[in-house]
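Same chain, two partners: chain A is paired with chain B first, then with chain C.
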Partner chain A sequence: MAAVINDAEALDVVRAARSQARPRATGGLGKGGWRITPWLFLLAPVGLLALFTYVPMANMVWYSFTSWDGLDPVKEPVGWQNYVEIFTRPEIFRVFLVSLYYLGGAFIQLVLALYFATVLSFNTRFRTWFKGIIFFPYLINGVAIGLVFLYFFRPGGTLDAVLATFGLADPPLWLGDPSLVNVSLAATSVWRYMGLNFVLFLGAIQSIPNEQYEAADLDGANSWQKFRYIIAPGIQRIIGLSTVLAVSGALSVFEMPFIMTGGSNGSSTFVIQTINTAFTFSQVGLASAMAVVLLIIVLVIAWLQRRLLPDNGGELT
Partner chain B sequence: MSTTPSRTPPLMPHLLGPLGKALKYASLMAACLVAVLPLVTVFMASFKTQAEFRESGPLDPPTNWLNLENFVTAFTRGGMIQGFVNTTIILVLSLVGTILIGTMTAYAIDRFDFRGRRLVVGAFLLATLVPGVTTQVATFQIVSGLGLFNTRWAAIVLFMGTDIISIYIFLQFMKAIPRSLDEAAMLDGANRLTIYARIVFPLLRPAIATVVIIKGIAIYNEFYLPWLYMPKRDLGVISTSLFRFKGPFGAQWEVISAGTVLVIIPTLVAFLLLQRHIYNGLVSGATK
Partner chain C sequence: MTKRHILGATSAAAVAALVLGACSGGSDDGGGEGDGPSGTITVLTNRTDIVDTVLEDYVAEFQKTYPAVDVEFEALTDYEGDVTVRLNSGDYGDVLLIPNAVDPDQLATFFEPLGSVDELGEKYRFIHQRAFEGDAYGIATFGTAMGYVLNKPVWEKAGITEPPATPEEFLDALSAIKETSPEAIPYYTNYADGWPLSSWQSNQGTIDGPEGVNLRTEQNAPWTEGMEQYAIDSLLFDIVEAGLSEPDPTTTNWEESKNLIGTGQVGTMVLGSWSVTQLQDAAEAAGKPREDIGFWPMPWQTDGKFHSTVGGDYSIGISKNSENKEAAEAWLYWFLDESGFADSQGGLAPQVDGQSPATLQDFEEFGVEEVELAPAPEGEESLLSDIYTAAEIDLSGDQYRRAFVDVARGAADGDKASAFADLNDRWATARAEVVG
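Here is the complex of A and B:
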């Protein structure tokens, strides 16, 4: 969902360029119609956007300053108390540490994706097959993946059986041991999402014009130099974007731990905790404050990305 | 996942020696094995009888590949039929809505110069940043305030109203449709609605195909929205129906496996038929 992060600006740049180049193109057309014609087309889309994105966001900020339980007609204002609670009750904020496992997983995922994308961008036998098999897990239903990996990690399950064929008996409890559960879950995440990064990297590598390789050949470049000076700059932007998505993804992990362990054994994440606070413990005020904190963190990361990654509008036109 | 030698610098095959080539294919094979093995063992488990499952290891194939008993159980007692029906209804209605909304937005934003356009574009793009799961804390109040809680409409409106990627894809395609077509039609006396319906919409067909594929997969896989808004048993979609297998079939892994296989098969078929479109759609949806 969050893949379009950096485009508000890019789109505006394109717009500005276009309206300068063809100042009268739309103006001339628009004269014939009514002023409100575009709003008639936008009525439903903007209405839904406001109703299901912006109104909830505004409400959320409001709730976050109350002690509302989600049902009471009265929403008692409590000032900053919910926010103070988030940062002072260690059991609330500590779950962000769980994100570090997913962050580590995301890093491995990006490295693997880059490796396989580079390898497969060159002549390889059974290329389509390799590409399809490595990518396919990304398409699978999250609940199905959760159950597949519950079976994979369960005592006497697939992983234990594989280890046993290598003579490794007495394996640990992959999902029952609090020191291992997050590693297992992060690995499941890598299995699920690596294919997407891989296909995106592969697409970016393949959109590099062939002439550049030919020119490099003429100059006698070796393969490492080609990777360093042609491929790496060509996919810089998508790597930057994927990194940002990986970081905000790691902070808002939800589905895999929720489906597989329900957040038990120390596998709870900030989002699981927010959801439970709201819908299990009926502390909508506190949960809203937690959601606002996460939202602000994600927005700051997106803003940093726009500041740090140059030239991200290059491919728009 | 960490069995592959990701640290070696990527080398081009025609410069690789036989050893490098062997390593390259070995790493690819390892990746495929890791991708496929968890699925294959579940697939094999789904054909085993209860007694057989208890006695055999996960890596042993079933004795009878035609034992469909678990699938029957999953379909009938597990509510998978209801799940597929609900998913189909939600899928069709949400897709129709998404396409209409997305094309209308793209048309209005790309073809009109009006006050507030930058604001509208900005509002749509900012919305992509909001992590959807957390705002449900507040969205829930709106959905239940509208009386949509525990109806299929809850999922349908949310799929329709919060999808920005599709709008973005339509905008990209829209730019490639020459404005001279609009202008020519306008000279012939066509109004804006006619232009949208007769010229722009048909020309957006490739974009519509892309959106149907990407969005279709996303809706088919969505778990959280139906779980939160449609807890009623009869309203289970495939994700939530499958999730409920964890309870009653908790110890019956052969039935859970069958349910899982049933959910994965449509995805596999769609992938085999639409491979190229799926790759292209993802690239246009994610990188732009």
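Here is the complex of A and C:
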């Protein structure tokens, strides 16, 4: 211990001598500290990250090569069998069709969020109030939203009552009709998550310097032109990020359909199917393989996005 | 700083508790001073609703006999899911209800054998359901008889005062209810909650008798006319197809359905007898007499008699890792024999010579015979669960029933023949795979 401190002091002396000869640009810290110090600070977050993310993930990859049922102390290795099963059983992949509804919903969500963010970044009346209204659903617990919308969509529920006041007497079964159920669920998702996209867009828009709008005003640009040539290129990077989040979110959608319909009536998604495989049919091995496949698909999409939309946006030149 | 202090204090307390727990656990092993068991045991329970009231009262009673034993409860809302995951950690209390997910051949890994099936079977019923190779690992806390609950005034209004004896009569009765009480839903599936759908499966044995389940594992096509599984599932299918169930099953709600049947807005639900007390409470709360709620046997007869499958609820067992098995055993038997828990739940007593509860008085009137399912033959204890896991037909769950209810109400493609043929296919393939 003492030796270390002595070394450090010796180093300080050397550094001090050098800085006298060649004045340092940055002032502040006179003492160097231990070289290990930054790593000590990192220890907590990195440790937690490894413990709660990487170790479980490594375990999952390992389980995906076994026929474990979730209980047995023995985990029998089966090689690639689980992966072969996933790619040879069409019903496992068919549920990705349900994700298309959420993908559609996600794009509507992005467009709406962008619209509101743009409108509310100008001087609109009650803008703070509107910002609150739009962001508010994101703060509500998903289970609560699920239950609220269950009452909203049920026959004779809130939605039907509202429609009845407009004279629509014979509404469909919003969750009971298999051709509508995914639309209803995706709409609930849009309502819930639009606030997040909205805040991201708003933050990005407000970081664009005000002079640019003033210059545009002097040039006689209208609102659309300001959006098209200042805002859109200015927040390109955040739009790209939101798109990736939206696509991977649509593929791994889980909460809303699980709470509201439990995946019944053709609203099952890949994650619900994974949960059922693991916990209803005790095939944790196969379910882990499904989770790994989903992870790889999402990674591929993120990679594609990086290739298709190169990282040159975000600067107004 | 303050946070760190709290953290330190709690972890010190936790360590102290561990050490103390270990000491008290160890001391009674070497004790043997004739004082009986001592120490602290942890009991896992699914009854979050009564853990601080009824169960605490039990502890006070229990300590009159065993003053040196302290009982702590851990109540879990998602009992099945949480405990199944915890089993692998080794930390799952001293006394617990054995989760359904544990296969018979895994019992010995997690639970302490309580005695031989022959020996315990002389005193307790339903002992086979948690046994493997002649050893019993758990005893049912109470028993349930199967059938359906009905709102009697609604049925009487339709002119029916005796249980229908065939599925056709049952369907006619529901149609009559639809005509005479247009505001009432004749049958409520509780599709959204799911588990009430799985109650249908518990009626296995009402046609084929005690060997019903074992017969089915020998069949390659249980969903064929004449088979018990077909009879059960096709009745549900026909009810839904005939439009005798709720119009939008996806938005049902169990808590709400209790009020609906209590007030006569729902006519019938297939459930276990455990539900009768709860539904009577709901009727009373709505200002209706408790007697409005009745419980009848399934609409088919064998040898001119109605049958009702009786089975045990969760079985209570002792953890293999318990540090204080003596105290755990004392609590287990006290809970079963002295607490009066089964009676308070309106369930059948777990003892062979126990009384049948007041909720089942109609059964005596109509001469309903009880059927207790026979255990699987030696060496085939996990055959059934192996088949349904491989076939992904969750007989004891809700998913495959939801799928064919969707077909029946026209929300999915196909008809009864195609839906049941698909089930038969999957079953046969899985069975061939498992049996080899």
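To be clear about the criterion, the second predicted complex is superposed on the first by the 257 of 317 C-alpha atoms of A that agree within 3 Å, B and C clash if a C-alpha of one lies under 4 Å from a C-alpha of the other, contacts with A are read in each partner's own complex, and residues count from 1 in each chain.
In this section, a contact is a pair of C-beta atoms (placed from the backbone, for glycine too) under 8 Å apart; a residue touches a chain by one contact, two chains touch by 3 or more.
The model shown is predicted, which means the values in this text are computed figures rather than measured ones.
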Which of chain B and chain C A:296 touches, first, second, both or neither: neither
Contacts of A:39 with chain B and chain C, given as first, second, both or neither: first
Which superposed partner A:162 touches (first chain B, second chain C, both, neither): first
Partner chain in contact with A:284 - chain B first, chain C second, else both or neither: first
Touched partner set for A:71, first chain B, second chain C, both or neither: second
Chain B or chain C, by number of chain A residues touched: B
Which superposed partner A:199 touches (first chain B, second chain C, both, neither): first
A:254 touches, of chain B and chain C: first, second, both or neither? first
Partner chain in contact with A:178 - chain B first, chain C second, else both or neither: second
Touched partner set for A:97, first chain B, second chain C, both or neither: neither
Chain C-contacting residues of chain A that also contact chain B: 70, 154, 157, 279
Of all residues in chain A, those that touch chain B in their complex: 1-5, 7-8, 11-12, 15, 19, 25-27, 29-30, 32-33, 35, 37-39, 41-42, 44-46, 48-49, 51-57, 59-60, 63, 70, 108, 111-112, 114-116, 118-120, 122-125, 130, 132-137, 139-144, 146-149, 151-152, 154, 156-158, 161-162, 164-165, 187, 190-191, 194-196, 199-200, 203-204, 222-224, 226-227, 238, 241, 248, 252, 254-255, 259, 271, 274-275, 278-279, 284, 287-288, 290-291, 294-295, 298-299, 302, 315-316
Chain A to chain C touching residues, read off their complex: 69-73, 150, 153-155, 157, 173, 175-178, 181, 261-262, 264-266, 276-277, 279-283
Touching residues (chain side chain B, partner chain A) in the complex: 1-2, 4, 6, 8-15, 24-25, 27-28, 31-32, 34-39, 41-42, 45, 57-59, 100-102, 104-105, 107-109, 111-114, 117-118, 120-142, 157-158, 160-162, 164-165, 167-168, 171, 179, 182-183, 186, 191-192, 196, 217, 220-221, 223-224, 228, 238-240, 242-243, 245-246, 253, 256-257, 259-260, 263-264, 267-268, 270-271, 275, 278-279, 282-283, 285-288
Chain A partner contacts - residues on chain C that touch it in the complex: 81, 84-85, 87-88, 101-103, 106, 109, 191-192, 194, 247-251, 253, 388-389, 392, 394, 397-399, 402, 406, 411-412
